[in-house]
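Next come two complexes, and both contain chain A; in the first it sits with chain B, in the second with chain C.
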Partner chain A sequence: MLLHGKAARLIAQAVFLVLFLPLFALPFLVIVVASFATDWNGALPSGLTVQHYREALGGDAAHALTVSLLTAVAASLVALLVGAWAALAAHRLRRAGRGVMDTLFTLPVAVPSVVVGLSLLVAFSKPPLLLNGTPGIVITAHAVLVTAFAYQSVSAALARLDPACEQIAASLGASPARVLWRIRIPLLLPSLTGAAGLGFALSMGELSATMMLYPPSWTPLPVSIFGATDRGSLFTGAALAVVLMATTLLVLLAVSRVRNRASYR
Partner chain B sequence: MSVRFDRVSVSYGSQTVLDAFDLAVEPGEVMALLGPSGSGKTTALRAVAGFVTPASGRVLIGGRDVTALPPHKRGIGMVVQSYALFPHLRVDANVAFGLKARRTPRHETVERVARALEMTGMAAYARRYPRELSGGQQQRVAIARALAIRPEVLLLDEPLSALDAALRSAMLTELARLHRELPDLTILYVTHDQIEALTLADRVAVMDSARLKECGTPLDLHRSPGSEFTASFVGGANLLPVSVSGGTVRFADAELQLVAPGLTDADTATLCVRPHRVGLGDGPNALRGTLAEVQWRGATHRLVVDVAGHRVAADVTELRDPPAPGTPVTVHFAPQDAVLLTSGPVREVARG
Partner chain C sequence: MASATAGAVPTGRQLSVPRWAWTLPPLAALGLAFLYPLALVVWQSVSPDSGGHDLSAYGQVLGSTVFREALLNTVVIAASATAGCLVLGFTLALVIAFVPFPGGRALSRVVDVFLAFPSFLITLALLFLYGTTGIVNGLWTQATGAANGPLDFLQTPWGVVLAEITYFTPFVMRPLLAAFERLDTAQIEAASSLGARAPRVVGRVILPEALPALAAGGSLVLVMCLNEFGIVLFTGAKGVTTLPMLVYGKAILDGDYPGACVVAVVSVVVSVALHTLYRAVVSRTLPASGGTRAAAR
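On to the complex of A and B.
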């Protein structure tokens, strides 16, 4: 605690609430309230209903949620695999090589996702790699965008890893593969699950690159939300947004439970 | 199994951290590599383990050239300063790790893990995680883990330096006992602590700035060091600049009596006298000066006497009435307690 004294602490907490509530909590609350409303003309909404949810959980919207979940799981797994692999490989390189790898894997974060979307569209619209019009192109885009985070989180964890553990393991007769699977990966597990969770959350909310790429048969939930609000069905959009939010949070919660177990063994 | 360094050089970039290192460790011997930090002692150890690749030279274990062999094929036990226990594995799994890596049959693994834990007194902690253990207990597990694979060579890299003084001396006794129980085990012990080296080692290799300075039994190095560095690093030493001419050795105004065969004339040589061999009062080789400092050390008093601008330290049994600083005092030492060193001028060196 940096602040001593009761008054000072209370003031700090009050300032935090004043800043936090309007900026972070209020918009979410508004979405939740709006998803149950039929009209919102005055200061407060009116007409309590669950109609939007009935729509959101049936038909197209349910399909969109499934598409989003499948895309996010696939993209975050691919990102985890590629990102962790690249980070492990970069860890063995000398400083110059590692710098190149770091830059390369920061690129998808630095480049606007619209540009990533467009470049994938141009690259994969012609044979031999014809991905355009398939779910594959959406998953690829998400994986590209999310791999950067997986790479960074794993390489940061690798830098903190005590090399003595691996060396001792080797001196005890463990082959490099055994050291990787029995020592390195278990020790990296917290950061790996963290990377997977972050990748999943980012992919669930991705819109700008998806908009350029999604085929009609593979419409993720953010696109549906955008479509609904674009049509003027604000409250339906709000209900869909709540579903998206809740699903993402549930998955993240599950991941963090696994993570806690992994880090406190 | 014997360990031999054959002109091993290791460098990181342009910096040479081990320079043409030659050393032969006999089977079953405890060899301490003693030196200040940066002297190359840990690098030498890592070259045996295979964690560094020598730029030139060879490392031989049991007569076999292992220079190009990866660490996991060398069959060496190692304990490092940080212990490096695997934090995600329980104590028994830590100890079993090497056995599993070697595909030891299951029942034998269980048995050998139990024996290794028993040997180090950790049998009761088999189901704990490393973070649930104290430093001394982690140390024991690290030793059990290294011994479980029954290595013929055990490398210890500053194994006691993370422990407090009381625990360190207890572990030192333990290590000595372990070696009595495993007489065939060759041990290379890296330390900067001369007490550890003198207590445990059959021979001590003194290292400084990437080079081997001297190698000998603790007693030899202590009684008749070959260089000023060894003299000051292995047990404290008074290093007095003396001149030799016509068979007589002079320090300041005093002519000294030494048991030194074949004196060659030299304008400057160094005389090494251990502080605990210097006595208070008149006697042979009496040096007169003024008392500069008195330190009470419990069982002993350290007197620092200023003799013609040079400081002479004397460790004497605790005095009932120690003289006050500033008073004139006389100290002396027996001729056989002084060693004449003729290698170069006095340098500023770390004192162990």
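On to the complex of A and C.
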């Protein structure tokens, strides 16, 4: 215990709440309340309405939600496959090889997302690989950005894995493929589902690379939120943002349920 | 030794593919979707539209005032936001770890959930709170009858700094809380029983222990602030141009790809250098944590 006086402790806690609540709790609360408000430039919103949601979910924005969901599912699955495969392969290498793999697969985190978008635009705007203008370029960009996180989380889990299980399996005559399928992957399941959930959430909210290369026919939700606020319709933007946050939370919740069941087994 | 030979026998017999070959499929995917496009950006930056290959685009872009202003803006915003995150994150983590109160830990876990949300939502919320027609200014005009509220900073670099501090502080808090958990509380008890007051204990005992975590969190936040795009885009300020905004503006709004590629190369170099530093700091702190765990056994 750092502070022994009761008064000093109360002061420290008060300082904490004064800093913490306005900074972290208020922003998201404000967005949720604003999405139901007719107008808001006093202490409390002027009136309650669901009009913004009707606007948000009619037509274009409903399409944007579908686009975001499809992109996030596709990108996180691709990233999980590539990232987990790379982590598993790197785990069996010697120290130097593992270092090279670590550097290469964490590089997308260090490169600005805007530049990832620009580079895909430069590379895939002409044949033979013409992705520009298709949903594929958005999914590729998201997958590149998310793969690094999948790689990091799976290789961290691999480092914590007890090698005894697979050594026992191998000494009992199980083939490497069987060890991978029956021992390693089940033991890694919690971290794999965690990586998938994280990738999904990141992809749902990705704006930087997306702004560089989204085709008009494939507009994800963050882009339509920007479109709404840029037009000055802040309240519609807030309603769209609540839809984005709620969808992300629901999927994360579902993933964590799968994860709990996996770790229970 | 025994386990190594036991593992080697079935591997040698059944697995004809060498171990490194398994890295090829993911490396090919990464190469095609990330490394090759990145190399093309570098190539494009030395290939002006007029044909041939030279560094003329670098001269033009690096010499322009737009670029120099953007670079200065980026560095000032990122440095201020990082400093703010470090101070705020240290204070908050200190209270959560050493002046515990019911619900404090739960609150810090709620913050982790926020990290799953995109950064630009913070700017959206700040527009409602402190925007020119926002809540605080509305209260002020209602109370005083003035035509305009006192707050008009969201369109300035300070609006960006405030949003970045809000969003990135948890990235400093997480390694700090982990470091505080490993801290031996006997040291704190000993220092305070010898008469050291709280500020002295923080300065002499806690801060030295927290320095590696602060360095790791700080350099990560610095990289993320340098590369932040959503927050700056949502403030919609014409006066606040950062390097990522300049890349977007040049490529999408002006269609000047060689110029955009030059700015991109510069920001990649800065960012990768800092990120390498961050990874060096983290790998240096890892053995220390292992040692503490061994000592705590």
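Keep in mind that, in the parts below, the second predicted complex is superposed on the first by the 245 of 265 C-alpha atoms of A that agree within 3 Å, B and C clash if a C-alpha of one lies under 4 Å from a C-alpha of the other, contacts with A are read in each partner's own complex, and residues count from 1 in each chain.
The rule is short, and it goes like this: contacts are C-beta pairs under 8 Å (C-beta built on N, C-alpha and C of every residue); 3 or more make two chains touch, one makes a residue touch a chain.
Computed from a predicted model, the values in this text were never measured in an experiment.
Enquirer: Between chain B and chain C, pick out the one touching the greater number of residues of chain A.
Expert: C
Enquirer: With the two complexes superposed on chain A, say which partner A:L187 touches: chain B (first), chain C (second), both, or neither.
Expert: first
Enquirer: Per the contact definition in the header, classify A:S208: touching chain B only (first), chain C only (second), both, or neither.
Expert: In the superposed model, A:S208 contacts chain C only, not chain B.
Enquirer: So, A:L23: does it touch chain B (first), chain C (second), both, or neither?
Expert: second
Enquirer: Quick one: classify A:C165 as touching chain B (first), chain C (second), both or neither.
Expert: first
Enquirer: Identify the partner contact of A:P112: answer first if only chain B is touched, second if only chain C is, both if each is, neither if none is.
Expert: Once the two structures are laid over each other on A, A:P112 reaches chain C alone.
Enquirer: Should A:L253 be classified as contacting the first partner (chain B), the second (chain C), both, or neither?
Expert: Touch partners of A:L253: none, neither chain B nor chain C.
Enquirer: On the A-aligned overlay, A:S175 touches which partner chain: chain B = first, chain C = second, or both, or neither?
Expert: A:S175 sits against chain B and chain C alike.
Enquirer: For A:A143, is the partner it touches chain B (first), chain C (second), both, or none of the two (neither)?
Expert: It touches chain C, and chain B stays clear.
Enquirer: Share the list of chain A residues that count as touching for chain B in one structure and for chain C in the other.
Expert: After superposing on chain A, chain A residues 167, 170-171, 173, 175-176 contact both chain B and chain C.
Enquirer: Taking the complex as given, what residues does chain A use to touch chain C?
Expert: Contact set of chain A toward chain C: 1-4, 8-9, 12-13, 15-16, 19-20, 23-24, 26-28, 30-31, 34, 40-43, 82-83, 85-86, 88-90, 92-93, 97, 101, 104-116, 118-124, 140, 143-144, 147, 163, 167, 170-171, 173, 175-176, 198, 201-202, 204-208, 211-212, 222, 225-226, 229-230, 234, 237-238, 241, 244-245, 248-249, 252.
Enquirer: If we count contacts the way the header does, which residues on chain B are in touch with chain A in the complex?
Expert: 49-51, 70-78, 80, 82, 84, 86-88, 97-98, 101-102, 129, 145-146, 149, 155
Enquirer: Which chain A residues qualify as touching chain B in the complex?
Expert: 162, 164-165, 167-176, 178-179, 182-183, 186-187, 189, 265
Enquirer: Can you name the residues of chain C that touch chain A in the complex?
Expert: Of all residues in chain C, those touching chain A are 3, 6-7, 10-11, 14-15, 19-20, 22-23, 25-27, 29-30, 33-38, 40-41, 44, 88, 91-92, 94-96, 98-99, 101, 104, 107, 110-111, 113-114, 116-122, 124-129, 131, 133-135, 137-139, 142, 165-166, 169-170, 188, 192, 198, 201-202, 206, 223, 226-227, 229-230, 233-234, 236, 243-244, 247-248, 251-252, 257, 260-261, 264, 267-268, 271-272, 274-276, 279.
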